[in-house]
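Here the chain labels run A, B, C and D in written order, and each chain numbers its own residues starting at 1.
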Amino acid sequence: MKLTIVGAGSSYTPEIIDGLLEERCFDPLEIVLYDLPEASERVDIICGLIRRMAEHKGVSVTVSQESRLQQALEGSSFVVSQFRVGLLEARIQDERIPLRYGLIGQETTGAGGFFKAMRTIPATLELTKEIERTCPEAWFINFTNPSGIITEAVHRYSKVKCVGLCNVPYNMNIDAAHLLQAEPDRVYCQMAGLNHLSFITEILLDGRPVLQEMIAGKMFKTQIVKNIPKVQGVETLIGQLGLVPSPYLQYYYFEKEMLAKELAEAAPDGPGTRGEQILKTQQLLFDIYKDPATCEKPKELEMRGGAYYSTVAVILMKALSGYGPVVMPVNYPNNGAIQGLSAASVVETNCLIDKNGVQPLSFGELPLSVGGLIQQVKNYENLTVEAAGEHSYRKAVLALLSHPLIHGYDNAVRLIEEMMTHFSAYVGELK
Amino acid sequence: MKLTIVGAGSSYTPEIIDGLLEERCFDPLEIVLYDLPEASERVDIICGLIRRMAEHKGVSVTVSQESRLQQALEGSSFVVSQFRVGLLEARIQDERIPLRYGLIGQETTGAGGFFKAMRTIPATLELTKEIERTCPEAWFINFTNPSGIITEAVHRYSKVKCVGLCNVPYNMNIDAAHLLQAEPDRVYCQMAGLNHLSFITEILLDGRPVLQEMIAGKMFKTQIVKNIPKVQGVETLIGQLGLVPSPYLQYYYFEKEMLAKELAEAAPDGPGTRGEQILKTQQLLFDIYKDPATCEKPKELEMRGGAYYSTVAVILMKALSGYGPVVMPVNYPNNGAIQGLSAASVVETNCLIDKNGVQPLSFGELPLSVGGLIQQVKNYENLTVEAAGEHSYRKAVLALLSHPLIHGYDNAVRLIEEMMTHFSAYVGELK
Amino acid sequence: MKLTIVGAGSSYTPEIIDGLLEERCFDPLEIVLYDLPEASERVDIICGLIRRMAEHKGVSVTVSQESRLQQALEGSSFVVSQFRVGLLEARIQDERIPLRYGLIGQETTGAGGFFKAMRTIPATLELTKEIERTCPEAWFINFTNPSGIITEAVHRYSKVKCVGLCNVPYNMNIDAAHLLQAEPDRVYCQMAGLNHLSFITEILLDGRPVLQEMIAGKMFKTQIVKNIPKVQGVETLIGQLGLVPSPYLQYYYFEKEMLAKELAEAAPDGPGTRGEQILKTQQLLFDIYKDPATCEKPKELEMRGGAYYSTVAVILMKALSGYGPVVMPVNYPNNGAIQGLSAASVVETNCLIDKNGVQPLSFGELPLSVGGLIQQVKNYENLTVEAAGEHSYRKAVLALLSHPLIHGYDNAVRLIEEMMTHFSAYVGELK
Amino acid sequence: MKLTIVGAGSSYTPEIIDGLLEERCFDPLEIVLYDLPEASERVDIICGLIRRMAEHKGVSVTVSQESRLQQALEGSSFVVSQFRVGLLEARIQDERIPLRYGLIGQETTGAGGFFKAMRTIPATLELTKEIERTCPEAWFINFTNPSGIITEAVHRYSKVKCVGLCNVPYNMNIDAAHLLQAEPDRVYCQMAGLNHLSFITEILLDGRPVLQEMIAGKMFKTQIVKNIPKVQGVETLIGQLGLVPSPYLQYYYFEKEMLAKELAEAAPDGPGTRGEQILKTQQLLFDIYKDPATCEKPKELEMRGGAYYSTVAVILMKALSGYGPVVMPVNYPNNGAIQGLSAASVVETNCLIDKNGVQPLSFGELPLSVGGLIQQVKNYENLTVEAAGEHSYRKAVLALLSHPLIHGYDNAVRLIEEMMTHFSAYVGELK
């Protein structure tokens, strides 16, 4: 198996590699670390660390660096994409620009996610064009956020086989198991929606539905998924919905509270935005990575918040490689699984994954209480993909106008101006 | 033809009657004015005025007052409902309560519309029960706002034949004709959406599509529909949408600007909310109505903003009575006309109306740019109808949570508290 | 108004003209008679007759002959197509070939209809190409059978505005009125399906549903629509369906009996197939047309079975010309009107027709008892259109395989062989 | 694990048990053999045989007989239903009655399948009522034919968890592997349709689509699934469809040829109908079962044609018991998996099966070439279920009228008369 990591200079890379080294089934394993030339120093550091990790574990693996895309892709079975257009500096802008307008500033949700999508889609489509030429049979595993939108763009504008991954649904499953004090494999969550906009509609314990019991038993007081801190009121909301929302839904249901938190963090006396905090962590991480004594994934990596990133990637790659079927929520074209969303729309829902590929399980109708929101955000996502794919200013406006967290036409217009001011190098010209 | 007006004490009543008196086809015409006993004084005044109006026009008509519902309905062909639960005083609360939370305060859109729906549905279902018993073949013509939601409730919980009317789509048509400097009957607007949430998707002049030309020719600088003052930026928005939104859409696309206007009006030095302004007008109107010299619809009535109310009611009643088919946007169950909304959902779209009833014209798919919003607000409407019909606190929360102008869970919970404080006499207990 | 009749040499032409001459609203009226050069003698006769008919009625009309297509179409508002590729001789083959295989031999239903569609689609698409060039705003009114399939082909492969007409639904309406002893305009039939495969699902008398009463009152003993003789058992069937099928449905529900009738007619001692009978009538008709004393539509024309052909054409043209809206069943793309059939599929159902064009009324779900048959035949129709449009042998086989009256693969293959033997000049080569 | 076999007197019983004994995962295993008292002799024989089989294999299993239903069901995890209402004698009538009308006489397809469904649904619903009372958590595994219709009836009229099984799709998969000379687990067939009316739409070999290559390579000359003998022409048909039909589709595509075969078998000098042949085999089988020397599943059992019956049952029960997920075509409510069929309709398509139950994989649109047939037969199935569930004569007529192999109203009426003559004891009265 040959695996190409695109954006290998990310501090996340050791996380994914660590999972692969644990699994002995990918043997012999060849890893190619691809990134832009300007990231070569970081890639160097990571390359060294991986070799030490492999040696430490006694695993034989070939690791190489490559800054020419075609060479990096040749013969690959899996291309894992985790690159960040504009680096953390751009993410910090994604967070700070919306805050100036009194809007949620977040990497994936709202205006920040829109900026990131508009920057990332052009680069991703360049990448998939090369995959089509060089390794058309490879699976493209997308981790780059906003994962659902990027996956939609790949399916819309290329023929590459693509799955969008996210660790949130997996975490939700783990948390549900935790609440039930049960081993995760006894617990199954029915789940539907979009990336960072999904809902657990039922929880099965040993095949028996228990969600309503869990609600009645006030089990949701405890936190579900940690990377978004829980807002007061969520447990009551869960009781009324009869569903468990992704923690990212807090941006919709508790916008005011989430905004207040963000503003406090971003204030001169605050700890900085999430991106700013990670920027600091990242420096620290690379110092640790560099240390020749480091030959395991450092504990500090967990601070980045990517719990189970590696786990979901490895589960997916094993299943696609033929090591037995698994069911897992991933981002993939709907094909009728969720009623009311178009067949081509990428959704996040449970899929069967095995060597034959990815097939969504039929889900049926969305609950009335959340279906409208999901449909509206899906329309935003589709318009964003079209805005980027067609370089259309008009569709960019319509996308933001369709987003529930943008609040109106004026904001839409101004945010696009900001985008063109800060990111036109990545977004390209809009007509 | 016998016509029963429910809520006949409204200052609108002479408007509707005036239209009927113009049409000679309803001859002999019998009008029953029904209202609660406490409105008898106003009904008296209106009854006198109508008789003078008829005499003045030389039309023979029987007008009577009746405060017993069954007697009022007996033998009716048409029941026109325009009653206002809690009177203008409640409307003023609908406007002022949301403003206290920094939210749009409006009779039909947002929290105010929700309060009004929750007050009106129980009373309407009492009324339709009596219609089922007394005059099951009668057409129930609903003018009471929010007209789409009330119509949905009637279709969901009764067998009464019901159409929801609104003058806005008719006005949009008239305005389009005005912009084209053409007679209205040369102009046809394709239209779809919900009441106060509809969009013109094409305009035909003598059968030829001209909307894109009108946009290119910057024709939409001029006002479309006057009862909601136009916000700056609407014409640019129309150009980008490629659609003409109902003026009520400004509450969604220009929330901040609309809120500022409302707050200015409601300020101590302002003219008062719309409801407060109408309260004053109403006093004035009844003084004029009372005057034995008044024997025509007074010009001052236009200040109430109900242009063409009478026109649409008369067109509808004539068509249902067999005077030739008409096509008009009304509120009626979708039955597949608009793809992506359920068959039972009441929508506002062009319908064929004739003696055989109301049949929506197939419309097809909603544009991507507005379909999500429409689906979300439809879900809000359905949840509101279920909250009222099932007296469910939980569904009331879910309804408000689904509304794009409520902004979060806390507001939803607090607004329902306010509702129960101010309107529990009408809303009843929620479980 | 300029009207071009394509296939003007048909003996039906005076029928359509007669209706137009009755209507004084098309004044001045210009009629162009277009046909292939080999039909010029018959066109001559018809041209003379029309002039005498107009003179006799005192109507001013310009009638001309034209065998050059472009010239015939220039400036036309309406193109009426009623041409018959291969003339009656081909129709007789359409009837006789299937009979040799023990299959229904009929002009529109089953193998005969398939042959006719495969012959007619190429010629029709040539015609619509010229319309696109010469008079793109003209309405194309298709009478040529199988009308639904031809209309589907035009909508699939051209941009011409096209309605498919048939007199059967109109006749069903008239017959329903007759059974109710009511004036036709008091009676409205809800109707859905495909051309020659439609069902009345409700009958309204003055707006009141009466179909179940009519069934209970055994009203359907009497004939509904005369051009297909009624088989014993139909009235019981109607009672069980709770629907009134088009008389052409007898070919499906009473195949054996209908086949026996056809075989008897086609036998050496029989009167000949329907086509053969018409061939004789036609001779007779032209003799009458030729007679300078003939200055009215001759009574003998009714023997051809086209009752109300003229009526429906005139109603349609008046409505499209802006003389008020009408509701009439025509063949037109579904656009969601009938649930379960694709948006692009041409169906036969009630449509609103006015100067703005044709808009199907939303119908909803097909009854379970007939929906499957309609879906299957629609698939046959779509495959036939694709077989002709793509010149595909494979799709021709799949089309016949999908037809309920072909009975198996061997018949499908052999019938296509027969088609290529007899009609390859019209069908073209299949790949 | 406790397993109840309903209809345990069937000669198939040792087949299913044999598979279970091979699997060591069901330990301790308790089997209850339930049948009507009149079958007790046969159950005795089978009970003895099973004990000898278990002993021979060295497996510990508890086997008991029980003719009281409630006792038989108590504590069961799985109820396998394979009972035959009216025994083989009724099956022989199912085959012979239609033949008298020149129609296919077959246990599951056409009139014979209809008779069997009408006899079996009432008894099955009695059984599921008892399951609801006694072991509501048990899985009901239906083998009784027509398996799709019976499964539909159980889902429509009870809350019992029910899967309909059939060995045909499994055999199709095995045959595809055979044609590819590959191990079955390398081969995956995409499949959709109804029981005995399904199509392979793609074949994946190691995840790579190969169906079109197989067709081009003329691989389908060889037989696919043996229990229906292959008709000449099938391979050409497969090439044109681009799909592999279930062998039962031959009754539709090659009706004449299949009918000829059946008539030859049923002729006085023929080997008898399939049911008659099995009747003879059965006698022989029970003689072998009785023999104390028999302690393995006898080879002669294969003559009954149930290849892999046991395999699919064991795979299903293992998966539902939590021994890892499997993907397998079973009969289960559609829930949106196949577009164009209702959510509640039972379909036969690939499902994910694990301890959480059965979830259809989203399939998307049916191919145009077969979708109409599937929709029509599904409507027949739904009408049959309603006819039996509502005891409706009218729906029985409409069901047969919707079936493509009944050929008309007269046959429908006469076949129902025959049914009431022969099977009214089981069918009950129809209103």
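In the analysis below, a residue touches a chain if its C-beta (ideal position, glycine included) is under 8 Å from a C-beta of that chain, and two chains touch if they have at least 3 such contacts.
All of these numbers come straight from a predicted model, not from anything done at the bench.
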item	value
Rounded Å distance between chain A and chain D, as computed from the means of their C-alpha atoms	44
Geometric centre distance via CA averages, chain D-chain B, whole Å	57
Touch-based graph of the chains, sorted into line, ring, star, complete or other	ring
All pairs of touching chains, each written as two labels joined by a dash	A-B, A-D, B-C, C-D
Chain A-facing residues of chain B, complex	233, 237, 240-241, 252-257, 340, 368-373, 375-380, 382-383, 394, 397-398, 401-402, 404, 407-410
Chain A residues within the chain D interface of the complex	188, 204, 206-207, 322, 324-327, 334-339, 343, 350, 352, 354-357, 359-365
